[in-house]
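You will see two complexes here that share chain A, one where it goes with chain B and one where it goes with chain C.
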Partner chain A sequence: MSGPMLDVQNLSVTFQSDGGPVYAVRDLSLRLAPGEVIGIVGESGSGKSVTMMSVLRLLDTRRTEISATELAVDGQSLLGLPARALQDLRGPVVSYIFQDPLTALNPLLTVGRQLTEGMRRHAGLGRAEARAKALDLLRRVGIPAPELRIDQLPHQLSGGMRQRVMIAIALACDPKLLIADEPTTALDVTVQAEIVRLVQSIQAERGMAMVWVTHDLALLARLADRVVVMYAGRIIEDAPARTLYSSPAHPYTAGLLASTSRIDDPFTEQTSIPGMPPDPRRIAPGCSFAPRCTRALAQCQTVVPPLVQQPDGRRLACFNPLPEAHT
Partner chain B sequence: MTAVPVIHAKGLTVEFGVRRSVLTGRKAGAVQAVSNVDLTVDRGETLAVVGESGCGKSTLGRALLRSVPIAQGRLEFMGKDITELEGDALRAARHQFQMVFQDPYASLNPKMKIFETLAEPLRVHTTDSAATIRERVMDMMAAAGLAPDFASRYPHEFSGGQRQRVAIARAVILRPDFVVADEPLSALDVSLQLQILTLFRQLKSQFSLTYLFISHDLARVFGFADRIAVMYLGKIVEIGTAREIYAAPAHPYTRALIAAAPSPDPARGTERDALTLRGELPSPANPPKGCRFHTRCPLAMPVCSEVEPQMVGLGGRHAAACHLVTPG
Partner chain C sequence: MPLFLFKRFLQALLVLIGVSFSTFIVAHMTGDPVELMARENATLEDKQALREFLGLDRPLAEQYLSFVGKALQGDLGYSFVQQAPVTQLIAERLPATLLLAAAGFVLALLISVPLGIIIALKRNTVWDVVVTALAMIGQAAPGFWIGLMLVVLFAVELKLLPVSGYGGPLYLVLPAITLALQSAARLTRLVRASMLEVLNADYIRTARSKGLRERTILFIHAFRGAMIPVVTMAGLELAELVSGAFITETIFAWPGVGRLAVNAVYQRDFPLIQGVVLMAAAFFVIINFLVDVLYVVIDPRVKLK
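So, the complex of A and B:
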């Protein structure tokens, strides 16, 4: 049996801000098998993006403190790895797709230049070879007239086209792990549906492992094998997708699911989670969700519930989970 | 029904980027963001306008508030023609229609305390005494779910959800006859979206408000709106009650929007894929001939690229503009 594609153990990320330290990620452990597709879901400030960005140290190191007992991709530990060595991994091993292609793309370089940069650096391809491969990739991600688009600048493309270019760049070096951070949030639903299907089919044909980071549980339903739910910097539930959607165990997961818009059942009145997410600068003792939780016990106010492996295959951090739903 | 509608628009057209040629005096480079739209908003109803970005839904909302110039057509507010209203008369009418914006970080004055933000419209538009204003502000804050001690604080001290509550309170404090909310949920986290939607609902029943609710999230508006108008490239392509449209979406574009909306159910339909649209919104500067949707329509026929379909009644309040629909 091969080892995990991604192995994160006891990761904590703290930012130094003017208002004091921000505890963005707290004691997070996560493993991803080769070829596995997981979704990380959480609201803004939950630490979902920060977790993924800290894997290849994409965060500003001057103001960020990252600690972990293990941080490895495809069996290679990244802890203590010099910046230069990390660069060699960005592209061929791990690639990212970000939410806003307009800020992620260089506005002054042509699509072709940005697409071939990684291939030439990492795979040592020549100019002509790289260009031919770039055209293939643009075709694969559904860009019409790639011969024309390859020499254009990002501002000459629509939002959906730019995101396709981003996907092509991310795939250029055949990564083993693709991390997509809210890749469709800025797009219209019809374009989102196309992009999701595109990435899904590429993932299936290449068998690469994938992490989708999103705030939208609905989006993940058909995408992810497994869904990891984060709240206030911690994983609170991690379950196979079918289990999570049919019987959420953590009250926050259940609340999030209940407030997600349902195109399949839009007229049933929904209940919202009361209150607001906590300020990540003020960490209260106990479970961070307790102040908003209708099932909170006295214990929840004082002790952080540990993330414990359950018999049904999920991991759960809750002292008073919902009873198993009978379906 | 003989009640006067809050909004009645006929042939409403909004153009942007119009230049007059120096030589010929002819208009050039015009983009019709809203093209020949007929729309009625009844008193007390919530009408949702949905569509992709660039479809003209925000511009339509602004045109109904007279915030952008109307190029052609006629706009009545409470039975009164306001198409040509200008200057002081328009300013005086403004307290009757209000807007809530998408981004509560940009729509509140960062230098104004919450109390001042809410008191300002009252000072401008009413002759209320300072004591009455204080009372009305505090009442409004309570209705919007804002704690009284927030009054002396600044916008930066609040989260997105709380700011949106303030923005809504400011829009509603003058008891306007018509409120346009432009994507008021899309900057908010999922768990807060529902809270804000509930606030809109409560304020509507408390102050008998009428909403035009602009959104790209069809799933959200089905349960919230009385009626839904679907826009594509400056035109309304389908309109009806939420239940009429959900039960029998008539326009292929409406069907595609419903099919594209993700559902939190891993088992739900792969058959929806058949309805998914290819390609992107064409440029409104150069809209396709005939039906504007024909370039992306999976069901397009030869006639669709030649003849523009007209709105056809489908029974009830339901109507759609498509060559494939037959009158009901």
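So, the complex of A and C:
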């Protein structure tokens, strides 16, 4: 398959809440090549998780309205796909690692049960085959004594081990696209690095495409080929990782970078972006970042800057970007 | 496990002592049973003799201790009014109560569990609104009213079922439904709420992300967790039913423990009141214990210690 692994065009996601509609994702377009690793970064509520959850319709369909002109995984369009057909894609084509392994694992079922049920459903493996494969997976994700752990319950494992189990579950059906939704946020800092390294090495050996959703821009530096920055439900900048870190073009990206602590430069002071992200229930005209932006122009208040392909390979939604190259 | 059993046993003993003591006090506060038992023209001496015969002339503390002492040996005393051992009176009535309780309880579960799950899955639809409203009405409506309405409809108007009494299976239908409807009203709403909570859990989303079938998600991932609070509540419902459905048994002239207790209270039949209440308390303790054991089966995180 030479087409994109993931193709999202003009995606909008709206939640019905008691306080009126919440515009979580607005007019988002994104393509991901096979084997490519991208990071999606943004503050809480910027729509980064919602975007990825809506790909396989994992959001509560009763309260959520999803619209898109294209939504395809591995060449197969998901728009209007019946629920049953969608189930066949969950696991073998796209799989997820979730943020909090304590709540994302069923407390009443053993590790083995939760690890094998996907394989048995999709690959039609027998009990013994599935168990053997599960043991291999547990070994691969670095769980000591897998023969013991496989029959244990999630509460008998540490947080880091639970997340390793979650990763094993995500890998169980050999997905072509792995979506990691803040998989290290709920973990201890020391464990975070191990988990990142583990996922990175598995991605490299399997060559699967990966989307890593996080609010930690520093984390993506060594992980992602490409970084997508979201703000208030929109992509505001999408650039190759190297380009983005060396010369951010959107004032918000620059602000995010400036607020990130750098291990190689402990003397530069961290700065935070003044103001708060906008209320996703109210859509103001113009650029959502304009009220907090020091470079805002008059037209930023009235017109939404379109996401435009730039000559240097990035996509940018800004009328007054930072000048090029200040490495 | 043995330690757990031992602790439970001590707790049960404490509960039963507390119950027997408060029942004893409350029963004696209702007045002197001799005034009710003695013949119209009884003299003061007659009454005093009767009091002595029943042992009511002794100090209260002595009466209580002798009751406890005998109860520990399985002797709950002798009914003042019915002139028979309390244990025998209860044993005669218990089968009817247990039959009614079992029928009502099973029916309540058969109604509430599937219904609760269905309306949880169809939340905020017409089905949900209608069933929830009915459940609230069922919870608010007094049991005697439900019983009487059923009698009016099925016995008096349609003449399908007997009005009251104890006999073949047909006699069981209306009282069992009366009990089941009240129980089911409470349980249905709990099943719905509990199911909704579990269905919103992160691990259900994980199950979905694995591409599992909806029925696997529902029965393997959601159902068990959702049943934990339901088991607690159902245990209490069952304990209440087996200790005698006072009102329902009275309406349907059902010869169970409930009616025995009501009559005992009217007649200030102290030993019988104490016996029935003690039996009810014992049922509560036993069923709560069984519920605890059931938790371990449902939720492997729970360990009996």
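Just so we're on the same page, the second predicted complex is superposed on the first by the 325 of 327 C-alpha atoms of A that agree within 3 Å, B and C clash if a C-alpha of one lies under 4 Å from a C-alpha of the other, contacts with A are read in each partner's own complex, and residues count from 1 in each chain.
Operating definition for what follows: a contact is a pair of C-beta atoms (placed from the backbone, for glycine too) under 8 Å apart; a residue touches a chain by one contact, two chains touch by 3 or more.
Because the structure is predicted, anything quoted here is derived from the model rather than measured.
Colleague: With the two complexes overlaid on their shared chain, look at chain A and say whether chain B and chain C clash or fit.
Modeller: Chain B and chain C fit side by side in the superposed model.
Colleague: May I ask you to decide whether A:Ser272 touches chain B, chain C, both, or neither, giving the answer as first, second, both or neither?
Modeller: A:Ser272: touches chain B, not chain C.
Colleague: Thinking of the overlay built on chain A, is A:Gln87 touched by chain B (first), by chain C (second), by both, or by neither?
Modeller: second
Colleague: Under the stated touch criterion, which partner chain does A:Pro107 make contact with: chain B (first), chain C (second), both, or neither?
Modeller: The second partner, chain C, only.
Colleague: Just chain B (first), just chain C (second), both, or neither: which does A:Asp188 touch?
Modeller: A:Asp188 sits against chain B, while chain C stays out of touch.
Colleague: Who does A:Leu153 touch here: chain B (first), chain C (second), both, or neither?
Modeller: A:Leu153 contacts chain C only, not chain B.
Colleague: Does chain B (first) or chain C (second) touch A:Ala68, or do both, or does neither?
Modeller: In the superposed model, A:Ala68 contacts neither chain B nor chain C.
Colleague: Of chain B and chain C, which one contacts the greater number of residues in chain A?
Modeller: B
Colleague: Once the shared chain is lined up, is A:Gly118 touching chain B (first), chain C (second), both, or neither of them?
Modeller: A:Gly118 sits against chain C, while chain B stays out of touch.
Colleague: Who does A:Glu43 touch here: chain B (first), chain C (second), both, or neither?
Modeller: Only chain B; A:Glu43 stays clear of chain C.
Colleague: To be precise, I mean the smallest distance between any C-alpha of chain B and any C-alpha of chain C in the superposed model; what is it in Å?
Modeller: Minimum over all C-alpha pairs: 15 Å.
Colleague: Flag every residue of chain A that touches chain B in the complex, lowest number first.
Modeller: 43-44, 158, 160-161, 188-194, 196-197, 215-219, 221-222, 241-242, 245, 255-257, 259-264, 266-274, 276-277
Colleague: Using the touch definition up top, name the residues of chain C that touch chain A in the complex.
Modeller: Touching chain A from chain C are residues 123-124, 201-203, 205-214, 216, 220-221, 224-225, 298-301.
Colleague: Write out the stretch or stretches of chain B touching chain A in their complex.
Modeller: Those in contact with chain A are residues 52-53, 159, 161-162, 189-195, 198, 216-220, 222-223, 242-243, 246, 256-268, 273, 276-278, 280-281.
Colleague: Spell out the part of chain A that touches chain C in their complex, as residue ranges.
Modeller: Where chain A meets chain C, its residues are 56, 58, 62, 83, 86-92, 95-96, 98, 100, 103-109, 114, 117-118, 121-122, 153, 155, 166, 169, 172-173.
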